[in-house]
Structure formats: C-alpha cells, structure tokens
Amino acid sequence: MGVSIFIQQVLNGLTLGAVYTLIALAFSLVMGILGILNLAISEIFMIGAFIGFSLIMSGVPVWLALPGAMAVAAVISMVIARIGYEPLRNASHITPMLSTLGFSMILQNFATNTWGSDPMQLTLEGWLDTRFHFGLVSLSVVQIVVFAVTLGLCVLTALLIQRTDIGRGLRAVAENRDVSRILGVRPRRMILVAFALSGLLAGAAGVLVGLHYSVITPYIGVDIGLKAIAVMIVGGATNIWGALLAGPIIGILEVLTVAYGGAAMRDFIVYGMMIAILLVRPQGLLGGSSKTSGGRV
Amino acid sequence: MLKSMMTAAILGVAAMTAVPVAVQAEDLTGKTVKFGAIVPASGPFAEWGRANTVALKMLEKQVNEAGGINGAKMEIVIYDDGAKPAQAVSMLRKLADDDQVLAVAGPATSSAVEVAFPVANQLGIVSVSQNSSKPGVAAANRPWGFRNTVDEAKLARLVVPFFAKTFDVKKAAIIYDAKDATASAAGAKIFPQILADNGIENLDADTPISFNTGDLDVSAQVTKLRSLQPDAVVLSADYSQAITVLREMKRQGMKTPVVGSTQLMSSAILAAYPELPIVAPTTFFAGLDVPAVKTFTDGVTPLMRAEKNLPGTIEPSLFDANIYEIVSLFAQAAKEAGVTAAPADLAADRTRIRDYMASESDFVGLGGKVRFAADGDAVKSFFIVQAKDGKWTSLETACSSPEADACAQ
Amino acid sequence: MANVLEFHDVDQSFGGIKALTDVSFDIPQACITGIIGPNGAGKTTIFNVITGAYRPDRGSVRLNGQEILGLAPYRIARAGISRTFQNIRLFASMTVWEHMLLSQAPRTPMLSRILPSRAVAERGERMMELFGISAVRDRIAVSLPYGVQRKVEMARAYAMEPKLLLLDEPVAGMNHDEAEDLRQTLQGLRDKGLSILIIEHDMRFMMNLCDEMHVMNYGRKIAGGRPAEIQRDPAVIAAYLGEDA
Amino acid sequence: MMSSYQAGLVADGSILLLGALSVYVILSTGQLSLGNAGFMAIGAYLSSWLTVSAGMPLTPAIVVSAAVSAVFGLIIGFPALRLKGLYLAMATLGFGEMVRTFFLNFEPTGGAGGFSGMEHVPLWYILGWTAFVLACVMICERTRWWLEIRAVNDDELAAGLVGMNTTVTKLMAFMTGAAIAAVAGALLAHQNLYIEPGNFGFDRSTEFVLAMILGGSSLAAGSIVGAALLIMLPELLRDFVDWRIAIFGALLVAVLLVRRQGILDRNVFGLAKFWRRAN
Amino acid sequence: MILSVHDLKVNYGAIPGIRKIDFDVNEGEIVALIGANGAGKSTTMRAITGLLPFQGRVVYRGRDLAPMHAERNLANGLALVPEGRGILTRMTVEENLRMGGYLRRDKAQLETEIVATYERFAILGERRSGIAGFLSGGEQQILAIARALLARPKLLLLDEPSLGLAPMMTAQIFDFISEFRKQGLTVLLAEQKSKHSLAIADRAFLFSMGEVVASGAARDLAEGSLIRNTMMALV
C-alpha cells in the first residue's frame, strides 16, 4: 500500500505542478521579455477561474469555456499593459511592478463584488465526473484534462516562441530593443503580445484550477501566485521548458513534504529551494548561460 | 425541554423588539442612542460583513418602529474593517471617540478581536465579537471584551462524545488549518485532548495533518488521511477552507463522517459533499425550526437577497444571528440599565451596559436565553447539527455551560 | 625620471580571443602619455586591466613599484588611480557638486564622511573652477550637455587626488575651443606633477598634448615614442588608414 | 486634542513610516527588498518575548531585537550581493515567507495562535522612536556617506572605481534596513499587544515598498507622505463602501502614472542644493 | 538622389553629439563617411535610421523622415547594420536571417532567399542551426549584412563593418560590399579606416568633431594626402 500511496501522491503533485507551470509561464513571459514582475497575473488567474466557472455553470461546454476565459484574461492583461506598464516603461522596475499591484487590488475587489467572497462551488457531471481506478491509485478525467491542456499549451507556447515571426520578434525585443527596431519589430506591439500570451496562460490555469478543485474564491490568486514566482525562478525565468520542469518538481516536492514530512514545513522548503537556486544557479535549472540557450523567451 | 426553551425564546424576542418596558429609565424622547458595529464588509469575509450589515439595518428599523429605546431613536454606526486587525482597531477607536457610541458589536475575526479587545479595555467600551471562537480570547481581555459565541473548546467537549456514539467512532484522524489561529488551536490542541479523553484513537497524533489558509490543493493531506483509514475525520477549519478539504475527500472517494467546530457552519458546506455526514455544533442555523429564528430568517433573508453585492441564494448565517442578538442585547441593556444618552454621561452609560452584560440578565436571543460567563463568552444553548439533504438538521440540543440550568429559562 | 606605472608583459584574452598580446609600457612621473590606435585595438582593455576590472592571463602592473594586479577595483582607486569612461558614467541622481563631494569621500575615515568638512568643500570648489563647471554646480550632472558631462567626469576623477589619471576619449563630442581649453588644463595639471594616461582618437589634439605616445593595433603595441616620431611612423599611418596589418 | 482614533492612525502611520524607511535605506543602494516583513517579524517576536518572558524593559528589548535583526540582515545581505534587481527582490520575498512560516510553526511564541501579554506603549513612545529613526536617516542623507549609498545605486561599477567598497556599503544598508524594520515590528507588537504570523506576510512587505515609492523613493521625507497617504486614503474612501479597495488601487496606479518618481523628489525640497560650504 | 541630409543636429544624452552635418547619397552609389571614433559617424547613421531624435532635415527618396521611426523606415527600404553588428546572440543563425525578413509578406520567397544566402555565404550555411553568439566576429558581420539584405533594402547603412576584424576578414567583407553596387543597391558606409572604404566608394565625406570637414570623389581622397594628414594631424 505504501507504493500506491506514493504513486497517488506523485499524481497529486503533478496536478498541482501543472497549474504552477502555467502560471509560472505567464509570469516568465512578461519577466523574460520586459524584465518586470507583473503581480496582477495572480489575479488574472483568479478572474480566469471565475469566468470559466461562470461559463461552465451556465451550461457552456468546457471546450468553449476554456478559450472564452482565456480570451477575457488576455484582454485584461492587455489593458494592464497599455495603462499600467507602457507609460512606465522607462521608470525603474519597481514602479511598473507596483502599478500592477494596483490592478490586483482592482481585480480582487471587482471579483468580490461580482461573485462574492464565499467559495463558489462547481458540481461536475457526466464524463467530467469520471475516475479511473488502478488498484488504490485513482485518476480523474479532469486530472487528465489538466495534464493534457497544460502540456498542450506549453508546446503551443514553445512553438509560437521558437518557430513563428511573432515569437522571434518577442525574443528580439527581449534581447535588444534597438536591434529589434531596425529589423522592423514594433516593441510596443510585442509588449502587448507578451502580456496577452501571459494572460491567456494565466486564464487557462484559472479554468483548470476551477475544474479540478471545483472551489474558488477571489483570494485564490495570492498564495498560488507567490508559489508560481518561485517555480519560475527555479526553472529559469527566461526558459519555457524550465517552468515545465520546475512546476512538477515543486508540485511533487510540496506534496511529498506534506505526505512524509509534515505540512508545516512545506512553504519553508519551497521558498528555501527558490533561494538556494537563486544563489547557486540564478539563471534557474534550465536557464543556461545567456549564449548557450537558444530556447530563451 | 427544547420546546419550552423555544417558547421562551419567542416571548423574549417579542419582548425586546415589540414591547418596550421602561423599568427605572427616564424618557429619552428626542435623543439618539448610538451603537457601533465593526464588520468585515470587504476582503476575504466580505459576505459575512455585508450580510451582518443587512441584519443590523433590519434591527435598527425594528427597534425604532417599536418606539426606540425609551423613546430615543436607536442608531447603529457600521464600519468595515476588511477583516484586518489594524483597521478593526481604528474603527473601534473611531466609534468610541468620534461617534461616541455606547457599545460596539464586533469585530468579527479572532485576529481582529485579539487586537481590538485590549483597546476596548483601554477606552472603556464594550466590544462584543459576533464570530470569534478562538479559545480564551475574551478571558484574556476582561472586563470590556465579550463574545457572543461559545469557545470552541467548550463545544468540542460536548460534540465529540455525541458524534463518536452516533457514528461508532473508535479511531479518528484530525486535519486542520495551521494558518488560522482558531482552527489550529482547536486542531492541534483541543481536539487531540478530547479524542484522548473519550478513548478514541488519534491516528495522526505523531505527524499532524494540516494545511494553510488559501491552499487550493489539499490532495496530499487527504490522500494521507485516507491511508490512515479512520472511522471519522475531525476537520478543524473555517468553512471556506473546509470546503476545499471536503471537495478533495469527495474527489478521492472518502466516505468517513466528518465532525468539526462552529467554524464549519455555513450553507456553503452543504453543497460541498452532500453525501457525507458532516456534524458540527452551532447556536443558530437558518433552517432551525424555532419561531424566533423563523421570524428572524423570514425577515432578513429577502433583504439580504435584495442586496446587489450578496448572492441571490444567501441565507442568514450564525454570525448574522449573533450580531443581531448583540445589538438587541445592547438595546435591552440601554433600556433597562437606564442610560441617559447624554454626552456627559458617556462613560457612565458605557459602564452601565457593561455591567448589564456581565450580570444575570433575562435576555433571550434567537435560540434561547443568552448570558455572559465570567470569562466573557456567551452561555447559551446550542445545537449539534448534521448536514443532510442540502440542509442542516438538528440532532441534539445542549448547553454551553456545564452548570445545570444555565440555559434554562 | 621615475615611473609612476609599469605595465609589463600583459596578455589578456576573452574566451580564446586575444585582446592584448604581450603589451608593455611605462608611464613616467609628471608626464602625459597617450595611447592611440584604431577602434578595437585594445586601448580600453588596457584601462580595464589597470583599474582592476579585468584580470589578465599574464603580466604585471606596478604603481610606484607596488604590484596592483589582483587588487579589488576600489583598492586600486584608493591607491591613487582614477579614470574616466569612454561612454561617460556619472551618477544619475547627483548634481555636479555632489560628484565633487563624493569622490573625495572614500579615502577619508568614516567620521569625517559624516561631518561637513571645510577642506573637502574647498577642494570641490577648486575642482569645479579648474574644469570650468562652477556655473552648473547645482544641476543634475547627467542632464548637462555631453561636453560638460566629460568635464564633470574628469573633475570627479581628479578630485580623488590621484597619482595617475586615466582619461578615455575625453574630447569626443567637444568642439575645437573646448578641446583646446582642456589641453591647457591637462598640461597645467601635469606641470603640477600629475601623471596622465590618455586614450584619444583626435590626433591633432594628441600631438599637441602628449609627451609620449604608444600605438596599439590588433591588441599589440606597434610603436612608442615622441608624438612627432609617431606621426610619421609608416606602421602607424598604415594602421590608421587600414592599409596593412 | 487628538481623538484616540486619530492617535491610533498616527501610531499606525508611524509604524508604516518606519517600515517604509527600512525599505528606503536598502533601496537607496539599488537593492529592492520584498521581505522586510520578515525582519519586522523578527523584531516583533523577539522584543515581545524579551519583555513578556524575559522581563526586559521595552527600550533595551527593542535595541537588542534591532541588533539581532541586523545580524539577519547581514546573513541575508551577504549572499544577496550576488543578485541584482528583481532576482534579489524575489530572494528577499522568499526570505520573508520563510520567516513567516517559521513563526507559524514555532510553538514557543505561540505558532499560529499568536503571542500576547505585552504592555501597551503610549503614542509618544512610538513617535519618539519614529522621530529618532527618521532624524537619523535624514541627517545621514545630508552627509557624504549617503552620497556613497546613492552612488552604489546609480552606478555600482563607477562607484567602485571612485574608490568605494560597494560590498560594505550594500551590507550596511541591508543591516540598517533590517534593524529599522525590527524597530517597526517591536512597536507594532507593543501597540497591538498581540502578534501572529499573518501580520508579517507578503502584503506587509509590499505595503512598505508602496508607501516609499508613492511618497518618493529619492528621499526619506517621501516616505512620510507615502505612509500618511496609505493610512489616510482607505479612511477617506470609506464612503465608497464596497468599491473602496478598487478605487484605492486605481488611485495608486494614477499617482504612479502622473508622478513615477513619487510625490516628493529632491527638487521639491531643494535638497539638490546639499550643503554648500563647510562653514 | 536617394538621401540628402541637411543641418543634421543630434544632442541626446550621453552620446557624442553632432553639430551640423550635410551630405547626400545618389542612387546606386557607395558613399563613405570617414573619421575618427567620436567624430559623429555612428550618431549620424543612427539618427537617419530612426533610432535617435534629431533636428534638421533628412530627405529619403523625396520624403522627409521623422525621427524615431526605425520600423517604418525599414519598411521603406532603409536598413542599418549597426556598429557592433547587432546580432541577436541568443538566436540561431537561421533565426537571425529570418528576422531580416520580419516585415516581408512573401515568406515563401524569403525561404528561397535564405537558401540562396547559405549558398553565397558558405560559413552561414554550415552554422545555420548554431547559436549566433558563438560565431566569430567576421562571421557575425557577414550574418549581419546578409540579414540586412534579406529585408530587401534600397539603401543600406553599414556602420564600421571592419570593427574588430582581422585584416583578411576585413578585405573579404569589403569585397562583398563592393558587389552590392552591381545589384543596384545604394550603400552608405561609415569607417574609421579609410583605405578599404575609399577603394570601393564613389564619394566620401570626412568627419571630425561632429562636422563634415571635407568631401570629394573617393579616388581623389584616396590618392591625395588630405585624409592621412587630417587623421594624423600632419597639417
């Protein structure tokens, strides 16, 4: 039984890690390209969860609710980029960070007034409510959806960043604004694209969280957002695959700490790991040096 | 016994809202008697605060329509503290100094209460919490701090044996919110002790299972719970966190009955895992089949549901009942203890209200007689309820005080 | 004549690319020594080696006979070497006056850095007069025109009371009159005993200014001597016009 | 005569001002700390333990806590030298969360249940400390030593080449900031008479940064304005009831957009003039 | 005339300013700007391209250029290979080349041109999937020029193409540049070292301290001693 419990815990960790991965990616798209910490991402994630929830509850099928919520999240993110980030582009990196904090307050207050502070619950029906049992280990359809969507979005994001003009434009702006301009890239547009992508991912994470945990409040963004920052750092703030690796690592680490070490130590270990990575390998697990990695965002 | 108590309750509420009996008090016509309330109308408990506000507005109207307090108009000044301790203190000071209220209902959360009660003592003004159930808070803040709640320790002591008997529990496992002061005090200290006292094996005594407020993912904790194969789960957490645990238990197919503290009391819990027996103690729930409660519920529910910022399906909670009782009690105290509502008598009036609260009054709340023990906590009857078919059902009635007759009329 | 700095047999490479190969020269006391050469010849690398920003693969750098190679940059600065930068590096938040005060601070004890000091203030005033920037004393330095920023940077470097002053392209962006003023100022400082090492592309300016010159090309020293000799050295002309390796 | 409500706001504002100053001192060297609530927690818990359990008078307890916190500042500041910008900010964020988690699990100071039993301090005592710290910082601001701190912020490499030991400067700033945050924590504990780990979360750290940036990060006087604003604004916005936090957030963004350098800067006070002559 | 510059003045932050620059470039010409470091060549180039704010008039193909519109200028056929090459060092060689055609709509045609580029510059073909930051200086310079050509410019601005290159490599680069003329491309070249530039240019302008101090046919300047005398201060 010990083994199956262990496997179950690893599955639990992977699910949590998938969510971390998406939010960490959302953070790193903005961080890697613009060098700012967009603290509103936590709340965009939360809004995404509520939009997805509301859509599903009003009978919209999941495959439609997901892109719907992602789109709303992307629009919010773009508004933040235009109002809260762009005018402050030349200020020190703290000022835009605090302006995104202002947007967090607005979004959180908006959610409280729109959906209430009490937990909102979703009851899944039909195929979404199915579980598969393998001995003592069980896996739900929603968990599989979470894995699939996360992996799919990571691959899509990676393809977009690596293989398309938009992606190359983003990376060019990230590396050298002036050079990108003489190649015809419009930095303002790329900033908007980066924020939009980041919003899409955070929104998707929100919907998945809503689906899987089926309980949300306007305050779910705060803690998970901080953890996602840790995941971003551990994986390497400028590397997509870093988040894909670090998300599950932190997720599993957390879950195993809870399972075998006592829940109390959990945050201590996660943030301790983040600090250790920062000190030993500031570029993150997969960051590589600035020249060796072609996979930079 | 239950029936007679209920009858008394109706009479009591009727007496306090409908028939003003001025015993020794002067006529206060033309004056205003002000009370204050501190509610968490923004932040993570915004719904509590907003619902509290509706209940208080209703009470204000009822009292004034029934002739006010010895002829004086009753006014309730309500402030939001966002469930933040610093703001709660600010608001308490503002109520005491700027608004010159006679007594304050609130603040709600234990964290805010811990900080506000010492200030109440400093300022010499009664402060009565509608939510806080963290063990020992009022006791540490005599003589001005009161709570119209029952200490979780006292409740647990009576609930656990009943629960164990009902569900034939031999071994149990505890899961608690380690970040929530109340839940962690109960989960880490009180419940283990009570389990031991009742001869129930505590399966996670060595490595307690806990999580943190705000955690979305408690899958690891629940998997661990499941692996311990308990007869029952003791869930010590605020309802909004408890839902996360219950949902995870549902997801993992855990079918063991759950017992918890007053913190579980919310209609939201009912939807989380309807198939599971969930047992908790409470002094009030919306479906309680008692006339006084029905009157209150019927009156306040439509008002709450009409509020733009509250969900259309909301029902009055334990805390709405508590704060309604608190200010009702203030009103009764003002009447009977003969406050003058004159600015010069402010300190004396405040002392009168405090003394009235500390004394053996004949105040009857929604669920029965309410008194305050020497430790500042309420002595009142409570119900052991179980979530069943989407509503709370009372299993048993008890009194929070071990003394015989403490809750009798 | 004693040498204030001896720069001997220095090799410096970055990831396999040799930036300096076996470069040696001496800087005599109270002399203005120039380094010239086309862009990318290794001139600024020499500055970075002297000030401790780079650690060369080989060689030795002595200040008044003391080895300074391997010391932390701030120690080398305190030992008496101060510099200016090709792309000016002034402190963005500070006025000209604050630059004058700051640059005198590090070599004094903690207490005197907290208390106002008359000597420091007077020296600050003198520096500003010397480089003709007294009129802009309360302006934020980086908001000034390019040529004035150069002067502020030089005044800052000189206020540190250096034994050796390193100037990296000080006349870039100055007009002829400003450059001429600067030449006289620098020669005045030399006459008071200051040793100066200067990198500059403007040959006319250098010819009139320097006592001695060294020419770099592709990381090697290709010539050294008096300006008039350098000016006619075929190897130097070739390097400058790009005629030959 | 101040009502106790106003007095309470002044006390809260003073403590926030100290917190803002603790960030200000560190930020003046170009290092952003998002973990000062951690130092604050150390100050609050240690001073409370000293006064309640060890029976030490408050003032020495505060001094001891500040000193211990400064040592933690050194411990954090040293490895932090390797990190720059947001990476440093995130390391300090991690530190703050670790301290909070530590106290959440540390039973001798009550764990999640919090710690109480402190004696109440009068307002003048809080104001006294705040004035003392503020005066120290503002006097230092006018010395050449502060120019060194600013130089490290403006251009660390150039500062080194002007002869400054930037390592020492940055560490001292970290230690000073940690000590100030600890004083703020100690005062908070003895003002509220009850502390719990939740008081020292990420939101507290960002509140400090916010007060300082809003008021103006180029001078200590800015923090006064920022702290006053952060304390007053939510009170002034009470009429907006349910939307007050959103309006607060919007105002915050608006202020940052209009004055990215903060409400005060050196020009406003003519501080750019510095001291002209020694005599 | 493809480009004419009147009274150009740049005074911006901590860069060497320029005071008054006048020159022009005719269609199909190679024009060299010669001068020491800090004489204002780079500033002029960057201002024309749209990377710096400027005062004065820059007329390109009959239209006045507004400052700071690099993206629009590129779309109109004005491409810059900046000083230091401006390689995107974290991207592969192929990605850098693709960036050259960022604004082009005919992506299929672009692909064939990239293949053609590999044939023309064999070294780029060999290293196509290598990280551009690992190329040698000369290889990077070739990459930068090849990348700029993929934008199909009408006027190519080359800022110090020989910077940091060994003599062999410099010669090779200049050979490439001289070939452009045959394709009808107009080139404006800034160089410190006059010999190679004058060998391939039609006309040249001599810069000193932010001003144009001499100009003329490249051959005359190369044969005369004016440049040598100016640069070595032998007047």
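What to note about this one:
Chains: A, B, C, D and E, in written order; residue numbering restarts at 1 for each.
Basically, contacts are C-beta pairs under 8 Å (C-beta built on N, C-alpha and C of every residue); 3 or more make two chains touch, one makes a residue touch a chain.
On a predicted model such as this, the values are computed, not experimentally measured, just so you know.
Listed here as common contacts of chain A and chain C: D, E. The minimum number of touch steps linking chain B to chain E comes to 2. Distances between chain centres, each the mean of the C-alpha atoms, put C farthest from chain A.
The chain pair with more C-beta contacts between its two chains, of A-D and B-D, is A-D. Among the remaining chains, the Cα-based centre furthest from that of chain E is the centre of B. Between the CA-based centres of chain A and chain E the separation comes to 43 Å, rounded to the whole angstrom.
In whole angstrom, the spacing between the mean C-alpha positions of chain C and chain D is 41. Between the CA-based centres of chain C and chain E the separation comes to 31 Å, rounded to the whole angstrom. Counting only residues that touch two or more partner chains, chain A has 109, 112-113, 222, 264, 267. For chain D, residues that reach two or more other chains under the stated contact definition are 104-105, 242, 244-245. Among the residues of chain E, none is in touch with two or more other chains. Contacting chain pairs (ordered by label): A-B, A-D, A-E, B-D, C-D, C-E. Remark: chain D residues 140, 143-145, 147-148, 150-151, 153-155, 157-166, 218, 266, 272-279 touch chain C in the complex.
On chain B, the positions that touch chain A within their shared complex are 42-48, 178, 207-212, 214-217, 219-221, 223-224, 227, 239-240, 243-244, 247-248, 251-253, 266, 268, 271-272, 309-311. If you check the complex, the residues on chain C that touch chain E are 17, 38-40, 87-88, 90, 142, 145-146, 149, 169, 171-176, 179, 201-207, 218, 231-232, 236-237, 240-245. Chain A contributes residues 1, 5, 8-9, 12-13, 15-16, 19, 109, 112-113, 116-119, 121, 123, 131, 138, 140, 209, 213-215, 217-220, 222-224, 254-256, 258-259, 262-264, 266-267 to its touches with chain B in the complex. Listing the residues of chain A that touch chain E in their complex gives 165, 168-169, 171-172, 175-176, 178-186, 290-294, 296.
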